[in-house]
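Some structures are shown below for you to check.
Paired with chain B in one complex and with chain C in the other, chain A is shared by the two complexes that follow.
Showing the complex of A and B:
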(Lines of atoms letter the chains of each structure in order from A and count residues from 1; the text may use other names and numbers.)
(Lines give C-alpha, C1' and ligand atoms only; values in the text may rest on other atoms or scores of the structure.)
Protein backbone atom coordinates (compact mmCIF):
# COMPACT_ATOMS: atom_id res chain seq x y z
CA UNK A 1 0.00 0.00 0.00
CA UNK A 2 1.39 3.37 -0.93
CA UNK A 3 2.11 5.47 2.10
CA UNK A 4 0.54 8.68 0.81
CA UNK A 5 -0.04 10.66 3.99
CA UNK A 6 2.63 10.06 6.61
CA UNK A 7 3.43 11.52 9.99
CA UNK A 8 7.03 12.69 9.79
CA UNK A 9 7.41 14.16 13.28
CA UNK A 10 5.49 15.69 16.14
CA UNK A 11 5.95 18.14 19.00
CA UNK A 12 4.00 17.99 22.24
CA UNK A 13 4.81 20.65 24.80
CA UNK A 14 5.32 19.44 28.34
CA UNK A 15 4.92 21.14 31.68
CA UNK A 16 6.80 24.41 31.92
CA UNK A 17 6.13 25.28 28.30
CA UNK A 18 8.47 25.62 25.37
CA UNK A 19 9.81 28.58 23.43
CA UNK A 20 9.70 26.72 20.13
CA UNK A 21 8.18 23.82 18.30
CA UNK A 22 10.58 22.70 15.63
CA UNK A 23 10.98 20.14 12.88
CA UNK A 24 14.46 19.27 11.70
CA UNK A 25 15.98 16.95 9.12
CA UNK A 26 12.82 16.98 7.02
CA UNK A 27 13.41 14.49 4.22
CA UNK A 28 12.86 15.57 0.62
CA UNK A 29 11.08 12.35 -0.29
CA UNK A 30 7.54 13.69 -0.16
CA UNK A 31 5.66 15.95 -2.55
CA UNK A 32 3.95 18.30 -0.10
CA UNK A 33 4.12 19.06 3.61
CA UNK A 34 1.30 19.80 6.00
CA UNK A 35 1.74 21.20 9.51
CA UNK A 36 -1.19 20.90 11.91
CA UNK A 37 -1.00 22.93 15.11
CA UNK A 38 -3.08 23.09 18.25
CA UNK A 39 -1.53 25.72 20.48
CA UNK A 40 -1.81 28.30 23.20
CA UNK A 41 0.72 30.80 24.53
CA UNK A 42 1.33 32.25 27.97
CA UNK A 43 1.68 35.75 26.51
CA UNK A 44 -0.88 38.12 28.01
CA UNK A 45 -2.83 38.59 24.78
CA UNK A 46 -6.02 37.38 23.19
CA UNK A 47 -4.54 36.47 19.83
CA UNK A 48 -0.82 35.99 19.48
CA UNK A 49 0.85 35.62 16.08
CA UNK A 50 3.80 33.20 16.04
CA UNK A 51 6.75 33.37 13.75
CA UNK A 52 7.66 30.49 11.47
CA UNK A 53 11.02 30.24 9.80
CA UNK A 54 12.25 27.74 7.27
CA UNK A 55 15.83 26.52 7.09
CA UNK A 56 16.81 28.99 9.83
CA UNK A 57 16.29 31.85 7.38
CA UNK A 58 15.39 34.77 9.65
CA UNK A 59 15.66 37.46 6.97
CA UNK A 60 12.31 39.18 7.12
CA UNK A 61 12.41 40.35 3.52
CA UNK A 62 12.32 36.72 2.39
CA UNK A 63 8.81 36.23 3.75
CA UNK A 64 5.57 37.91 2.75
CA UNK A 65 1.89 37.34 3.37
CA UNK A 66 -1.57 38.53 2.45
CA UNK A 67 -4.59 37.51 4.46
CA UNK A 68 -8.28 37.92 4.94
CA UNK A 69 -9.45 37.82 8.52
CA UNK A 70 -12.41 38.02 10.77
CA UNK A 71 -12.24 39.28 14.34
CA UNK A 72 -15.52 39.07 16.16
CA UNK A 73 -17.98 40.78 13.76
CA UNK A 74 -15.41 42.62 11.63
CA UNK A 75 -13.80 41.35 8.42
CA UNK A 76 -10.66 42.81 6.91
CA UNK A 77 -7.52 42.16 4.96
CA UNK A 78 -3.86 42.91 5.52
CA UNK A 79 -0.48 42.22 4.00
CA UNK A 80 3.15 42.57 4.86
CA UNK A 81 6.62 41.25 4.77
CA UNK A 82 7.71 39.01 7.51
CA UNK A 83 9.82 40.75 10.01
CA UNK A 84 8.89 37.79 12.15
CA UNK A 85 8.28 35.21 9.45
CA UNK A 86 5.60 35.64 6.86
CA UNK A 87 2.99 33.37 8.30
CA UNK A 88 0.07 35.04 9.91
CA UNK A 89 -2.10 32.84 12.05
CA UNK A 90 -3.69 33.27 15.43
CA UNK A 91 -2.82 31.41 18.59
CA UNK A 92 -4.82 31.80 21.77
CA UNK A 93 -3.08 33.92 24.37
CA UNK A 94 -3.24 33.91 28.13
CA UNK A 95 -6.07 36.45 28.16
CA UNK A 96 -8.47 33.98 26.58
CA UNK A 97 -10.63 31.46 28.38
CA UNK A 98 -8.50 28.79 30.00
CA UNK A 99 -8.09 25.57 28.03
CA UNK A 100 -8.94 27.16 24.68
CA UNK A 101 -6.37 26.34 22.02
CA UNK A 102 -6.05 27.55 18.44
CA UNK A 103 -6.33 25.39 15.33
CA UNK A 104 -3.89 25.95 12.48
CA UNK A 105 -3.21 24.19 9.19
CA UNK A 106 -0.26 25.04 6.95
CA UNK A 107 -0.02 23.43 3.49
CA UNK A 108 3.26 23.61 1.58
CA UNK A 109 3.15 22.22 -1.97
CA UNK A 110 6.37 21.14 -3.68
CA UNK A 111 8.47 22.00 -0.63
CA UNK A 112 11.53 20.31 -2.08
CA UNK A 113 11.40 22.15 -5.39
CA UNK A 114 13.80 24.81 -6.59
CA UNK A 115 11.33 27.68 -6.83
CA UNK A 116 10.06 30.06 -4.17
CA UNK A 117 7.52 28.38 -1.88
CA UNK A 118 3.89 29.49 -2.03
CA UNK A 119 2.05 28.38 1.07
CA UNK A 120 -1.55 28.29 2.22
CA UNK A 121 -2.18 28.59 5.94
CA UNK A 122 -5.33 29.05 7.97
CA UNK A 123 -5.63 29.58 11.68
CA UNK A 124 -8.31 30.37 14.19
CA UNK A 125 -8.34 31.42 17.82
CA UNK A 126 -11.77 30.65 19.22
CA UNK A 127 -11.55 32.40 22.54
CA UNK A 128 -14.99 31.64 23.93
CA UNK A 129 -15.91 35.29 24.33
CA UNK A 130 -17.83 37.78 22.26
CA UNK A 131 -15.15 40.12 21.02
CA UNK A 132 -11.76 38.49 20.67
CA UNK A 133 -12.26 35.50 18.39
CA UNK A 134 -10.05 35.54 15.34
CA UNK A 135 -9.85 33.67 12.04
CA UNK A 136 -7.17 34.29 9.42
CA UNK A 137 -6.85 32.78 5.93
CA UNK A 138 -3.42 33.48 4.56
CA UNK A 139 -1.38 33.24 1.37
CA UNK A 140 2.31 33.22 2.25
CA UNK A 141 5.55 33.19 0.33
CA UNK A 142 9.01 32.17 1.33
CA UNK A 143 11.39 33.25 -1.40
CA UNK A 144 13.94 30.58 -0.60
CA UNK A 145 14.65 28.21 -3.46
CA UNK A 146 16.23 25.45 -1.41
CA UNK A 147 14.29 22.42 -0.28
CA UNK A 148 12.73 22.96 3.11
CA UNK A 149 14.61 20.90 5.67
CA UNK A 150 13.68 22.64 8.92
CA UNK A 151 10.70 24.57 10.26
CA UNK A 152 10.77 26.45 13.54
CA UNK A 153 7.73 28.03 15.19
CA UNK A 154 8.07 30.44 18.10
CA UNK A 155 6.78 33.70 19.53
CA UNK A 156 8.42 37.09 19.77
CA UNK A 157 7.40 36.98 23.41
CA UNK A 158 5.91 34.09 25.30
CA UNK A 159 6.01 30.32 25.35
CA UNK A 160 3.87 27.54 23.98
CA UNK A 161 2.02 26.20 26.98
CA UNK A 162 1.68 22.58 28.01
CA UNK A 163 -0.41 20.40 25.69
CA UNK A 164 0.33 22.51 22.64
CA UNK A 165 1.03 20.22 19.69
CA UNK A 166 2.43 20.47 16.17
CA UNK A 167 2.38 17.60 13.70
CA UNK A 168 4.28 17.48 10.43
CA UNK A 169 2.88 15.26 7.69
CA UNK A 170 4.42 14.33 4.39
CA UNK A 171 2.10 13.81 1.43
CA UNK A 172 3.39 11.84 -1.52
CA UNK A 173 1.92 11.70 -5.01
CA UNK A 174 3.87 8.67 -6.13
CA UNK B 1 -7.94 0.77 -3.38
CA UNK B 2 -5.79 -1.01 -0.88
CA UNK B 3 -7.48 -1.96 2.36
CA UNK B 4 -6.82 0.47 5.16
CA UNK B 5 -5.64 3.24 2.87
CA UNK B 6 -7.41 6.34 4.12
CA UNK B 7 -5.69 8.97 1.97
CA UNK B 8 -4.71 7.65 -1.42
CA UNK B 9 -3.27 9.17 -4.53
CA UNK B 10 -5.60 8.48 -7.43
CA UNK B 11 -3.68 10.22 -10.20
CA UNK B 12 -1.12 12.93 -10.76
CA UNK B 13 0.01 15.01 -13.71
CA UNK B 14 3.03 17.26 -14.12
CA UNK B 15 2.86 19.59 -17.09
CA UNK B 16 5.69 19.48 -19.58
CA UNK B 17 6.00 21.57 -22.71
CA UNK B 18 3.94 24.65 -23.40
CA UNK B 19 0.71 23.53 -25.01
CA UNK B 20 -1.40 22.19 -22.14
CA UNK B 21 -4.45 24.19 -21.12
CA UNK B 22 -6.50 21.48 -19.46
CA UNK B 23 -5.94 18.42 -17.29
CA UNK B 24 -8.49 15.63 -17.05
CA UNK B 25 -8.88 12.95 -14.41
CA UNK B 26 -11.23 10.29 -15.74
CA UNK B 27 -12.62 6.95 -14.58
CA UNK B 28 -12.48 8.13 -10.97
CA UNK B 29 -13.47 5.26 -8.72
CA UNK B 30 -16.46 5.67 -6.44
CA UNK B 31 -14.56 3.77 -3.78
CA UNK B 32 -13.70 6.81 -1.72
CA UNK B 33 -15.76 9.15 0.42
CA UNK B 34 -14.21 12.52 -0.48
CA UNK B 35 -11.80 13.91 -3.04
CA UNK B 36 -8.94 16.36 -2.60
CA UNK B 37 -7.22 18.11 -5.49
CA UNK B 38 -3.85 19.71 -4.89
CA UNK B 39 -2.69 21.97 -7.71
CA UNK B 40 0.45 24.06 -8.03
CA UNK B 41 0.07 26.25 -11.07
CA UNK B 42 1.77 28.81 -13.27
CA UNK B 43 0.19 30.40 -16.33
CA UNK B 44 1.92 31.22 -19.61
CA UNK B 45 0.45 34.72 -19.59
CA UNK B 46 -2.00 36.75 -17.58
CA UNK B 47 -5.68 36.45 -18.33
CA UNK B 48 -6.95 33.08 -17.13
CA UNK B 49 -8.55 31.74 -14.03
CA UNK B 50 -8.34 28.09 -13.01
CA UNK B 51 -11.73 26.62 -13.81
CA UNK B 52 -13.04 23.13 -13.29
CA UNK B 53 -15.75 21.03 -14.91
CA UNK B 54 -17.02 17.77 -13.56
CA UNK B 55 -19.39 15.09 -14.69
CA UNK B 56 -20.29 11.46 -15.03
CA UNK B 57 -18.86 9.89 -18.16
CA UNK B 58 -18.10 13.31 -19.57
CA UNK B 59 -17.82 16.74 -18.03
CA UNK B 60 -20.84 19.01 -17.85
CA UNK B 61 -20.19 22.09 -20.00
CA UNK B 62 -23.62 23.65 -19.45
CA UNK B 63 -24.35 26.60 -17.17
CA UNK B 64 -24.80 24.49 -14.07
CA UNK B 65 -22.11 25.97 -11.86
CA UNK B 66 -22.03 28.86 -9.40
CA UNK B 67 -19.36 30.36 -7.21
CA UNK B 68 -19.18 32.45 -4.04
CA UNK B 69 -15.85 33.90 -3.01
CA UNK B 70 -14.37 35.55 0.07
CA UNK B 71 -11.38 37.67 -0.91
CA UNK B 72 -8.76 39.78 0.78
CA UNK B 73 -6.37 41.94 -1.22
CA UNK B 74 -4.25 43.12 1.67
CA UNK B 75 -6.29 46.20 2.45
CA UNK B 76 -9.93 45.15 2.50
CA UNK B 77 -12.11 42.07 2.51
CA UNK B 78 -14.88 41.49 0.01
CA UNK B 79 -17.21 38.84 -1.32
CA UNK B 80 -18.22 38.01 -4.86
CA UNK B 81 -20.83 35.83 -6.51
CA UNK B 82 -21.37 34.42 -9.99
CA UNK B 83 -24.14 32.02 -10.98
CA UNK B 84 -25.10 29.97 -14.03
CA UNK B 85 -21.56 29.74 -15.35
CA UNK B 86 -20.06 26.91 -17.38
CA UNK B 87 -17.29 25.94 -14.99
CA UNK B 88 -16.33 26.36 -11.38
CA UNK B 89 -13.83 29.09 -10.56
CA UNK B 90 -10.99 28.36 -8.18
CA UNK B 91 -9.62 31.85 -8.33
CA UNK B 92 -11.70 34.91 -9.07
CA UNK B 93 -9.69 38.02 -8.26
CA UNK B 94 -6.15 36.67 -8.30
CA UNK B 95 -4.17 36.29 -11.50
CA UNK B 96 -2.28 33.01 -11.69
CA UNK B 97 1.43 33.93 -11.64
CA UNK B 98 3.48 33.56 -14.77
CA UNK B 99 6.95 33.41 -13.22
CA UNK B 100 8.73 32.61 -9.98
CA UNK B 101 6.44 30.90 -7.49
CA UNK B 102 3.63 28.53 -8.39
CA UNK B 103 0.16 29.24 -7.04
CA UNK B 104 -1.32 26.61 -4.74
CA UNK B 105 -4.92 25.43 -4.93
CA UNK B 106 -6.49 23.08 -2.40
CA UNK B 107 -9.88 21.86 -3.62
CA UNK B 108 -12.08 19.61 -1.49
CA UNK B 109 -15.15 17.76 -2.70
CA UNK B 110 -17.08 15.88 -0.06
CA UNK B 111 -19.37 12.95 -0.85
CA UNK B 112 -18.57 13.22 -4.56
CA UNK B 113 -20.14 9.95 -5.62
CA UNK B 114 -23.58 10.24 -4.06
CA UNK B 115 -26.52 10.42 -6.45
CA UNK B 116 -28.92 12.42 -4.31
CA UNK B 117 -27.33 15.82 -3.70
CA UNK B 118 -25.81 18.64 -5.70
CA UNK B 119 -22.03 18.73 -5.30
CA UNK B 120 -20.14 21.42 -3.41
CA UNK B 121 -16.44 22.21 -3.71
CA UNK B 122 -14.35 24.17 -1.22
CA UNK B 123 -11.24 25.89 -2.55
CA UNK B 124 -8.39 27.71 -0.85
CA UNK B 125 -6.10 29.65 -3.11
CA UNK B 126 -3.88 32.66 -2.87
CA UNK B 127 -0.74 34.48 -3.89
CA UNK B 128 1.15 36.45 -1.28
CA UNK B 129 1.73 39.29 -3.73
CA UNK B 130 -1.92 39.65 -4.70
CA UNK B 131 -4.46 38.25 -2.30
CA UNK B 132 -6.09 35.30 -0.66
CA UNK B 133 -9.34 33.55 -1.51
CA UNK B 134 -11.74 31.11 0.10
CA UNK B 135 -14.21 29.86 -2.46
CA UNK B 136 -17.24 27.62 -2.58
CA UNK B 137 -18.44 26.26 -5.91
CA UNK B 138 -21.64 24.37 -6.62
CA UNK B 139 -22.42 21.93 -9.43
CA UNK B 140 -26.17 21.60 -9.82
CA UNK B 141 -26.35 17.89 -10.51
CA UNK B 142 -27.09 14.80 -8.47
CA UNK B 143 -24.87 12.64 -10.66
CA UNK B 144 -21.86 10.94 -9.16
CA UNK B 145 -18.61 12.53 -10.25
CA UNK B 146 -16.21 10.28 -12.10
CA UNK B 147 -14.50 12.76 -14.39
CA UNK B 148 -12.88 16.11 -13.59
CA UNK B 149 -11.26 18.60 -15.95
CA UNK B 150 -9.16 21.50 -14.70
CA UNK B 151 -8.81 24.22 -17.28
CA UNK B 152 -7.56 27.68 -17.95
CA UNK B 153 -10.49 29.91 -18.76
CA UNK B 154 -8.59 31.99 -21.31
CA UNK B 155 -6.29 31.37 -24.23
CA UNK B 156 -3.23 30.59 -22.17
CA UNK B 157 -1.32 27.46 -21.19
CA UNK B 158 -0.01 25.94 -18.00
CA UNK B 159 3.69 26.47 -17.57
CA UNK B 160 5.89 23.41 -17.39
CA UNK B 161 6.24 22.18 -13.84
CA UNK B 162 2.62 22.85 -12.92
CA UNK B 163 1.31 19.87 -10.97
CA UNK B 164 -2.14 18.42 -10.39
CA UNK B 165 -2.76 15.57 -7.99
CA UNK B 166 -6.08 13.94 -7.13
CA UNK B 167 -6.37 12.15 -3.79
CA UNK B 168 -9.20 10.01 -2.47
CA UNK B 169 -10.14 9.91 1.18
CA UNK B 170 -11.93 6.83 2.40
CA UNK B 171 -14.03 6.91 5.52
CA UNK B 172 -13.85 3.15 5.84
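Showing the complex of A and C:
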Protein backbone atom coordinates (compact mmCIF):
# COMPACT_ATOMS: atom_id res chain seq x y z
CA UNK A 1 0.00 0.00 0.00
CA UNK A 2 1.40 3.36 -1.02
CA UNK A 3 1.95 5.66 1.91
CA UNK A 4 2.34 8.93 0.08
CA UNK A 5 0.16 10.77 -2.34
CA UNK A 6 1.73 14.05 -3.35
CA UNK A 7 0.41 16.68 -5.71
CA UNK A 8 3.27 17.33 -8.14
CA UNK A 9 1.53 19.90 -10.34
CA UNK A 10 -1.82 20.98 -11.70
CA UNK A 11 -3.03 22.57 -14.89
CA UNK A 12 -6.14 24.71 -15.21
CA UNK A 13 -7.33 25.95 -18.58
CA UNK A 14 -8.01 29.65 -18.93
CA UNK A 15 -10.72 31.55 -20.73
CA UNK A 16 -9.34 31.05 -24.23
CA UNK A 17 -9.38 27.27 -24.05
CA UNK A 18 -6.44 25.09 -24.97
CA UNK A 19 -5.83 22.20 -27.38
CA UNK A 20 -3.26 20.53 -25.17
CA UNK A 21 -2.28 20.21 -21.54
CA UNK A 22 1.24 19.07 -20.80
CA UNK A 23 3.25 18.16 -17.71
CA UNK A 24 6.99 18.49 -18.28
CA UNK A 25 10.08 17.74 -16.16
CA UNK A 26 8.21 15.11 -14.15
CA UNK A 27 10.58 14.01 -11.38
CA UNK A 28 11.58 10.34 -11.15
CA UNK A 29 11.42 10.31 -7.37
CA UNK A 30 8.07 8.55 -7.02
CA UNK A 31 6.99 4.97 -7.61
CA UNK A 32 3.74 5.60 -9.48
CA UNK A 33 1.95 8.49 -11.10
CA UNK A 34 -1.71 9.34 -11.14
CA UNK A 35 -3.37 11.93 -13.36
CA UNK A 36 -6.83 13.14 -12.45
CA UNK A 37 -8.70 15.07 -15.11
CA UNK A 38 -11.90 17.05 -15.03
CA UNK A 39 -12.54 18.30 -18.53
CA UNK A 40 -14.92 19.38 -21.22
CA UNK A 41 -14.32 20.26 -24.87
CA UNK A 42 -15.96 22.64 -27.28
CA UNK A 43 -16.23 19.96 -29.97
CA UNK A 44 -19.84 19.52 -31.08
CA UNK A 45 -20.32 15.96 -29.88
CA UNK A 46 -21.29 14.04 -26.77
CA UNK A 47 -17.95 12.38 -26.17
CA UNK A 48 -14.53 13.52 -27.25
CA UNK A 49 -11.55 11.20 -27.04
CA UNK A 50 -8.22 12.78 -26.16
CA UNK A 51 -4.87 11.19 -26.84
CA UNK A 52 -2.16 10.88 -24.24
CA UNK A 53 1.51 10.89 -25.21
CA UNK A 54 4.55 10.25 -23.09
CA UNK A 55 7.93 11.85 -23.64
CA UNK A 56 6.72 13.38 -26.93
CA UNK A 57 6.52 9.89 -28.46
CA UNK A 58 3.77 10.22 -31.07
CA UNK A 59 4.49 6.90 -32.79
CA UNK A 60 1.13 5.19 -32.71
CA UNK A 61 2.60 1.69 -32.88
CA UNK A 62 4.22 2.26 -29.50
CA UNK A 63 0.84 2.42 -27.80
CA UNK A 64 -1.70 -0.37 -27.44
CA UNK A 65 -5.00 -0.55 -25.60
CA UNK A 66 -7.74 -2.87 -24.37
CA UNK A 67 -10.93 -0.95 -23.88
CA UNK A 68 -14.32 -1.74 -22.37
CA UNK A 69 -16.92 0.95 -22.79
CA UNK A 70 -20.52 1.75 -22.15
CA UNK A 71 -22.41 4.38 -24.07
CA UNK A 72 -26.00 4.92 -22.97
CA UNK A 73 -27.43 1.38 -22.92
CA UNK A 74 -24.83 -0.13 -25.23
CA UNK A 75 -21.73 -1.88 -23.98
CA UNK A 76 -18.78 -2.84 -26.10
CA UNK A 77 -15.11 -3.50 -26.23
CA UNK A 78 -12.22 -2.64 -28.49
CA UNK A 79 -8.51 -3.21 -28.71
CA UNK A 80 -5.70 -2.17 -30.97
CA UNK A 81 -2.43 -0.43 -31.46
CA UNK A 82 -1.33 2.68 -33.18
CA UNK A 83 -4.61 4.50 -33.06
CA UNK A 84 -3.95 8.12 -32.43
CA UNK A 85 -0.96 7.11 -30.39
CA UNK A 86 -2.67 7.38 -27.05
CA UNK A 87 -5.36 5.96 -24.84
CA UNK A 88 -9.08 6.05 -24.89
CA UNK A 89 -11.19 7.83 -22.36
CA UNK A 90 -14.17 10.09 -22.76
CA UNK A 91 -14.42 13.79 -22.18
CA UNK A 92 -17.67 15.71 -22.37
CA UNK A 93 -18.26 17.41 -25.68
CA UNK A 94 -20.25 20.55 -26.35
CA UNK A 95 -23.44 18.56 -27.00
CA UNK A 96 -23.68 17.46 -23.38
CA UNK A 97 -25.54 19.37 -20.72
CA UNK A 98 -23.99 22.78 -20.17
CA UNK A 99 -21.31 23.04 -17.49
CA UNK A 100 -20.95 19.28 -17.05
CA UNK A 101 -17.43 17.89 -17.04
CA UNK A 102 -15.99 14.40 -17.35
CA UNK A 103 -14.04 12.64 -14.62
CA UNK A 104 -10.98 10.66 -15.59
CA UNK A 105 -8.30 8.89 -13.57
CA UNK A 106 -5.13 7.55 -15.13
CA UNK A 107 -2.76 5.37 -13.11
CA UNK A 108 0.81 4.70 -14.23
CA UNK A 109 2.74 2.26 -12.04
CA UNK A 110 6.54 2.08 -12.19
CA UNK A 111 6.68 5.09 -14.50
CA UNK A 112 10.40 5.59 -13.92
CA UNK A 113 11.36 1.99 -14.64
CA UNK A 114 13.29 0.73 -17.63
CA UNK A 115 10.59 -1.51 -19.07
CA UNK A 116 7.41 -0.78 -21.02
CA UNK A 117 4.80 1.09 -19.02
CA UNK A 118 1.36 -0.29 -18.19
CA UNK A 119 -1.37 2.26 -17.79
CA UNK A 120 -4.91 1.87 -16.54
CA UNK A 121 -7.57 4.49 -16.75
CA UNK A 122 -11.23 4.95 -16.17
CA UNK A 123 -13.41 7.83 -17.15
CA UNK A 124 -16.99 8.91 -17.39
CA UNK A 125 -18.56 11.68 -19.42
CA UNK A 126 -21.16 13.01 -17.00
CA UNK A 127 -23.99 14.47 -19.00
CA UNK A 128 -26.83 14.62 -16.47
CA UNK A 129 -29.29 13.83 -19.25
CA UNK A 130 -29.70 10.11 -18.64
CA UNK A 131 -29.16 8.97 -22.21
CA UNK A 132 -25.80 10.08 -23.51
CA UNK A 133 -23.55 9.01 -20.69
CA UNK A 134 -20.29 7.33 -21.57
CA UNK A 135 -17.97 5.22 -19.46
CA UNK A 136 -14.60 3.82 -20.49
CA UNK A 137 -12.27 1.40 -18.71
CA UNK A 138 -8.96 0.92 -20.35
CA UNK A 139 -5.73 -1.01 -19.96
CA UNK A 140 -2.91 0.30 -22.10
CA UNK A 141 0.74 -0.16 -22.73
CA UNK A 142 3.36 2.31 -23.82
CA UNK A 143 6.39 0.45 -25.11
CA UNK A 144 8.86 3.18 -24.18
CA UNK A 145 11.59 2.09 -21.80
CA UNK A 146 12.71 5.50 -20.61
CA UNK A 147 11.36 7.05 -17.45
CA UNK A 148 8.27 9.13 -18.12
CA UNK A 149 9.24 12.78 -17.85
CA UNK A 150 6.52 14.36 -19.98
CA UNK A 151 2.81 13.62 -20.27
CA UNK A 152 0.80 15.42 -22.94
CA UNK A 153 -2.97 15.25 -23.19
CA UNK A 154 -4.30 16.55 -26.45
CA UNK A 155 -7.48 16.74 -28.49
CA UNK A 156 -7.48 15.91 -32.16
CA UNK A 157 -10.39 18.27 -32.58
CA UNK A 158 -11.76 20.93 -30.30
CA UNK A 159 -10.24 22.53 -27.24
CA UNK A 160 -10.28 21.98 -23.52
CA UNK A 161 -12.70 24.63 -22.29
CA UNK A 162 -12.11 27.02 -19.43
CA UNK A 163 -11.96 25.40 -15.96
CA UNK A 164 -10.84 22.06 -17.32
CA UNK A 165 -8.19 20.74 -14.97
CA UNK A 166 -5.51 18.07 -14.82
CA UNK A 167 -3.77 17.13 -11.56
CA UNK A 168 -0.60 15.06 -11.45
CA UNK A 169 0.09 13.09 -8.28
CA UNK A 170 3.19 11.17 -7.28
CA UNK A 171 2.82 8.03 -5.16
CA UNK A 172 5.63 6.33 -3.27
CA UNK A 173 5.77 2.82 -1.94
CA UNK A 174 7.87 3.72 1.04
CA UNK B 1 -4.15 29.25 -33.39
CA UNK B 2 -4.64 26.38 -30.89
CA UNK B 3 -2.45 26.54 -27.84
CA UNK B 4 -0.64 24.22 -25.49
CA UNK B 5 -0.77 24.73 -21.74
CA UNK B 6 2.49 23.58 -20.19
CA UNK B 7 3.39 23.18 -16.56
CA UNK B 8 6.98 22.49 -15.60
CA UNK B 9 6.82 20.10 -12.64
CA UNK B 10 10.29 21.07 -11.52
CA UNK B 11 9.78 24.82 -11.37
CA UNK B 12 6.00 25.07 -11.20
CA UNK B 13 6.10 27.55 -14.07
CA UNK B 14 2.99 27.53 -16.25
CA UNK B 15 3.20 28.76 -19.82
CA UNK B 16 0.86 28.81 -22.79
CA UNK B 17 2.35 28.57 -26.27
CA UNK B 18 0.94 28.15 -29.75
CA UNK B 19 1.15 24.66 -31.23
CA UNK B 20 4.01 24.15 -33.63
CA UNK B 21 3.43 23.10 -37.23
CA UNK B 22 4.49 19.57 -36.29
CA UNK B 23 2.04 19.48 -33.39
CA UNK B 24 -0.77 20.70 -35.62
CA UNK B 25 0.09 18.02 -38.17
CA UNK B 26 0.07 15.42 -35.39
CA UNK B 27 -3.31 16.69 -34.25
CA UNK B 28 -4.70 16.22 -37.74
CA UNK B 29 -3.19 12.75 -37.99
CA UNK B 30 -4.74 11.86 -34.64
CA UNK B 31 -8.14 13.01 -35.87
CA UNK B 32 -7.89 10.82 -38.96
CA UNK B 33 -6.66 7.80 -36.99
CA UNK B 34 -9.35 8.16 -34.37
CA UNK B 35 -12.13 8.53 -36.91
CA UNK B 36 -10.91 5.43 -38.70
CA UNK B 37 -10.91 3.46 -35.44
CA UNK B 38 -14.32 4.80 -34.44
CA UNK B 39 -15.86 3.68 -37.73
CA UNK B 40 -14.25 0.25 -37.38
CA UNK B 41 -15.63 -0.11 -33.85
CA UNK B 42 -19.09 0.92 -35.01
CA UNK B 43 -19.01 -1.57 -37.86
CA UNK B 44 -17.99 -4.32 -35.46
CA UNK B 45 -20.75 -3.39 -33.02
CA UNK B 46 -23.32 -3.38 -35.83
CA UNK B 47 -22.13 -6.77 -37.04
CA UNK B 48 -22.44 -8.20 -33.53
CA UNK B 49 -25.96 -6.79 -33.19
CA UNK B 50 -26.98 -8.29 -36.52
CA UNK B 51 -25.56 -11.67 -35.56
CA UNK B 52 -27.38 -11.54 -32.25
CA UNK B 53 -30.71 -10.85 -33.91
CA UNK B 54 -30.08 -13.66 -36.36
CA UNK B 55 -29.30 -16.04 -33.50
CA UNK B 56 -32.48 -15.04 -31.68
CA UNK B 57 -34.55 -15.65 -34.80
CA UNK B 58 -32.99 -19.07 -35.35
CA UNK B 59 -33.43 -20.13 -31.73
CA UNK B 60 -37.03 -18.98 -31.78
CA UNK B 61 -37.51 -20.97 -34.96
CA UNK B 62 -36.37 -24.06 -33.07
CA UNK B 63 -39.21 -23.56 -30.63
CA UNK B 64 -37.45 -21.82 -27.74
CA UNK B 65 -39.51 -19.30 -25.81
CA UNK B 66 -38.36 -15.69 -25.47
CA UNK B 67 -37.33 -16.37 -21.86
CA UNK B 68 -35.33 -19.43 -22.92
CA UNK B 69 -33.59 -17.45 -25.64
CA UNK B 70 -32.82 -14.69 -23.15
CA UNK B 71 -31.43 -17.23 -20.70
CA UNK B 72 -29.04 -18.46 -23.35
CA UNK B 73 -27.93 -15.08 -24.62
CA UNK B 74 -27.74 -12.98 -21.49
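The definition used in the following text is that the second predicted complex is superposed on the first by the 169 of 174 C-alpha atoms of A that agree within 3 Å, B and C clash if a C-alpha of one lies under 4 Å from a C-alpha of the other, contacts with A are read in each partner's own complex, and residues count from 1 in each chain.
Here is the rule we go by: a residue touches a chain if its C-beta (ideal position, glycine included) is under 8 Å from a C-beta of that chain, and two chains touch if they have at least 3 such contacts.
Note that the structure is predicted; figures quoted are calculated from it, not measured.
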**OP:** Following the overlay on chain A, give me a clash-or-fit verdict for chain B and chain C.
**Re:** fit
Original post:
Can A:123 be said to touch chain B (first), chain C (second), both, or neither?
Top reply: neither
Original post:
Looking at the overlay, does A:66 come into contact with chain B only (first), chain C only (second), both, or neither?
Top reply: first
Original post:
Touching A:134, do we find chain B (first), chain C (second), both, or neither?
Top reply: neither
Original post:
Is A:93 contacted by the first partner chain B, the second partner chain C, both or neither?
Top reply: neither
**OP:** Pick one for A:79: touches chain B only (first), chain C only (second), both, or neither.
**Re:** first
**OP:** Minimum C-alpha distance between chain B and chain C after superposition, to be given in whole Å.
**Re:** 8
Original post:
Across the two complexes, what residues of chain A are contacted by chain B and by chain C?
Top reply: 76, 78, 86
**OP:** Show which residues of chain A lie in contact with chain C when the two form their complex.
**Re:** 8-11, 13-14, 16-27, 49, 51, 58, 60, 74, 76, 78, 80, 82-86, 152, 154-157, 159-160, 168
Original post:
Can you list the residues on chain C that touch chain A in the complex?
Top reply: 2-12, 14, 16, 19, 23, 26-28, 30-31, 33-34, 36-38, 41, 44-45
Original post:
Tell me, which parts of chain A touch chain B in their complex?
Top reply: 1-2, 4-5, 31-32, 64-70, 75-79, 86, 107, 109-110, 113, 115-120, 122, 137-141, 171-174
**OP:** Report the residues of chain B in contact with chain A in the complex, numbered from low to high.
**Re:** 2-9, 12, 38, 40, 70-77, 100-104, 106, 124-132, 134, 161, 163, 165, 167
